Amino acid sequence: MAVDHRKRITIWNEFVHERTKPEVKELYPDGIHETIRHALVEKLGDGFNVGCATLDQPEHGLTDEVLENTDVLLWWGHAAHDRVEDAIVAKVHRRVLSGMGLIVLHSGHASKIFQRLMGTSCMLRWRDAGELERLWIISPGHPILAGVENPYFELPAAEMYGEHFDIPEPDELLLISWFEGGEVFRSGCTFRRGQGRIFYFSPGHETFPIYHNVNVQCIIANAVQWAAPITRGTYDPDGRHIQASLSPIKCA
Amino acid sequence: MAVDHRKRITIWNEFVHERTKPEVKELYPDGIHETIRHALVEKLGDGFNVGCATLDQPEHGLTDEVLENTDVLLWWGHAAHDRVEDAIVAKVHRRVLSGMGLIVLHSGHASKIFQRLMGTSCMLRWRDAGELERLWIISPGHPILAGVENPYFELPAAEMYGEHFDIPEPDELLLISWFEGGEVFRSGCTFRRGQGRIFYFSPGHETFPIYHNVNVQCIIANAVQWAAPITRGTYDPDGRHIQASLSPIKCA
Amino acid sequence: MAVDHRKRITIWNEFVHERTKPEVKELYPDGIHETIRHALVEKLGDGFNVGCATLDQPEHGLTDEVLENTDVLLWWGHAAHDRVEDAIVAKVHRRVLSGMGLIVLHSGHASKIFQRLMGTSCMLRWRDAGELERLWIISPGHPILAGVENPYFELPAAEMYGEHFDIPEPDELLLISWFEGGEVFRSGCTFRRGQGRIFYFSPGHETFPIYHNVNVQCIIANAVQWAAPITRGTYDPDGRHIQASLSPIKCA
Amino acid sequence: MAVDHRKRITIWNEFVHERTKPEVKELYPDGIHETIRHALVEKLGDGFNVGCATLDQPEHGLTDEVLENTDVLLWWGHAAHDRVEDAIVAKVHRRVLSGMGLIVLHSGHASKIFQRLMGTSCMLRWRDAGELERLWIISPGHPILAGVENPYFELPAAEMYGEHFDIPEPDELLLISWFEGGEVFRSGCTFRRGQGRIFYFSPGHETFPIYHNVNVQCIIANAVQWAAPITRGTYDPDGRHIQASLSPIKCA
């Protein structure tokens, strides 16, 4: 039987608003995850196998088999962070440290998994007034920004996310957003934790067609490629000490 | 009644080995915390009020009153990480994000509080063979290293801690240790999380007189000064979103 | 004779606009340097000795004796970057690597000394339209921001400096500015180079009373304290290799 | 005529020792650059076009045409840093800021181009005693380390490079070397400057067969892929300010 050598992407969505709010359902009739999946399939082509998982599935769709075979996980959550089981969060955490990429979208800033990886509250300032957001490029030339409009691109109606954003200093700051109402936000940030690469990307409120925006789609597709590990590692971040030989080597 | 304007330091020690192992009791008859306390009092002088807390005290000695009034907390634990209650860890975590400094010593790398702040396993390689450790200065001029021997100082018999050390990239790497047996280790690292400053410093095995070493004492005293907040802040990292006004300001 | 143990601060100003443009002279009749000097004397008190130096003095006022005895140098330049002699720049560069703090103000981003320390072009986007600048605090609790209004403060009329700002990733990002016209800017950044601490702080256009603003004065005074070395070091960044002993030490 | 879409790699070597010292010529009969070129061709395959340039060629082999068409430049120099012309260094500097990758090898730490990009002296401690170097992996999972022996690999006889190494804090620290004689060194470091990615990799003394080592070859080949820009950019780091429109945009 043929082995599937494609990178495996899993888009996780709590999938709540799309079933309860008509205006969200209209924008994302099959769920935010399906809109993102279509965009990734179109942009990434044959080298990637893109699947989805949602909160209401058994084990939230994140079984051991799915996690073991996921190279990059995307995370969208908002209304139901508390309903994500701690045991599943612990497994995702371990997989990120073992090398799985993680892309945290929008309100996922307050998810258990992002808070656990960051070690901070990850809280921020916000306002849902459908205002103009202009995203400035801070790291031109970064692979995650390849093909994106320079020196900025705009979202005509967005939820404001503002500073202070309580995260550790990012490894790389890729985007800073300007909001019409007077705020700024570090809207694209990379972090490495264990062997895993993490990208936080703030646009994405469910009541706006953000995930239909070509620049947003482009950045997510680039981030998937950036976050994918070269090989599925054998690293064990499971919490055990490694005891070295009791006899130190002798210097020649 | 006079107000005490001194910075308040609390040295937390699990205080287990010193009561169960004769060779440790001999080195630290009143506990590692008392040895460190004496060194800090001597080196820091009148501007600091240095106290201690231990695992076996009610609330591990870290009551709300103690934590609220602590500017810098030192942490030494090894055999009893699991016996530290999660509720206390959560309080310490919140205080660090609110601006309390934290100095994590030696085997405290595997403490709940350090793992929670780092978001990684914090695991490492080790060997207890009493070998030579030479600590090289990587950031000459850093306030934490003021007065320390340049370009390195030595501990004649130490426990080896080796890479890979599973931590986020430190904000500043101050020391790298060379071990006789063939390993290296990032032995002095700074991190900022929320408003709190964190310093991890690896020397300190309980069976060696590490905390009697003048360079080690000097670095801990410097770190206390570096980690102390300018003012006790009013920042709230408690996990609540800050909702901004629904009407964005108008540009003039 | 009594030794002066105070930290020595030198404010360097090209001092051109104040003598050629009436509107600048009105705001800064004795030069921007004198306005800053008065603010520092008032805020820093007796522990600091604050002097000035200007372009038109011999050696631009930065003789060997002045540089050797300066703990923190402030730099304001704009119209005359090219008239600063390379030999003086080389001396300032060496002193920063040896531990002298450096605070680069506003248009000093394009100075020879800042470009040399950063290794990049340090170029940016700008517009002189007297628009509203709102400076958001990104690192609450940082000593340089002690006492500054939280979560932001404003300058009602400022020159816009915007991204992309071509600098290396700062060690710490303290402030991000929002501009009325639609731009953002990393307006407060720290860097360490050699033993020296560097702070870049963007407000300060000569045609606005920026250096009379209490928050701006407060940040500069804090930065002086932050950048001052603990001791005047003996480190030699002068370009010579250090050849170690040809016989490696023997492991015990 | 067919367009060559392959990434273009240029290996620059001063090519002095190989022509003057018999023991070096024996190890690298056609020059260090040719040994590296063969390794890269073997490991990188058809997607890359690997060429060389040397000091004694006109414009040191780095004409405008060569530089414009180079995606990643490797740099080996030691005895003749001063003979590299400043005008060529300025061009290479501009190309790195424009997005060309740069891999600096061994004694290239003291090259004009590396010093200019770092802004520091880049000096270090050294000893040529043919001692054991053990390179520990600090960032497991990093693409530059893909396929390299874990948790360390060794070079049985190497020149010692030791701390303090006077560089800015690296963006990512990938390797720390342990030396038999008692030193440590940050032997693999990444930096981003402008749009360019830079990797410093310390092994490589000309009197040892370092560039015949499979782990060393593997790391250089990985670094070439990591440093290659996605696209050849149009970014201009040339020193001109970008003046934005004098009329700020109006908020809707």
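We just call them A, B, C and D in the order they show up, numbering each chain from 1.
As a working rule, a residue touches a chain if its C-beta (ideal position, glycine included) is under 8 Å from a C-beta of that chain, and two chains touch if they have at least 3 such contacts.
Every value quoted in this text rests on a predicted model; they were computed, and no experiment measured them.
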Neighbouring chains common to chain C and chain D, by label: A, B
Most distant chain from chain A by Cα centroid: C
Rounded Å distance between chain B and chain D, as computed from the means of their C-alpha atoms: 37
Between chain B and chain C, centroid-to-centroid distance (C-alpha), Å: 32
Residues of chain A engaged with two or more neighbouring chains: 125, 140, 162, 169, 171-172, 179-180, 182-183, 192, 194, 251
Chain B-touching residues of chain C, taken from the complex the two chains share: 99, 132, 139-141, 143, 146-147, 171-172, 180, 192, 194-196, 229-231, 233, 235, 251-252
Contact footprint of chain D on chain B as seen in their complex: 125, 134, 136-138, 140, 151, 162-164, 169, 172-173, 176-179, 182-184, 186, 250-251
Chain B - residues contacting chain A, complex: 97, 110, 116-121, 123-129, 131, 160, 162, 166, 168-169, 171, 179-183, 191-194, 237-249, 251
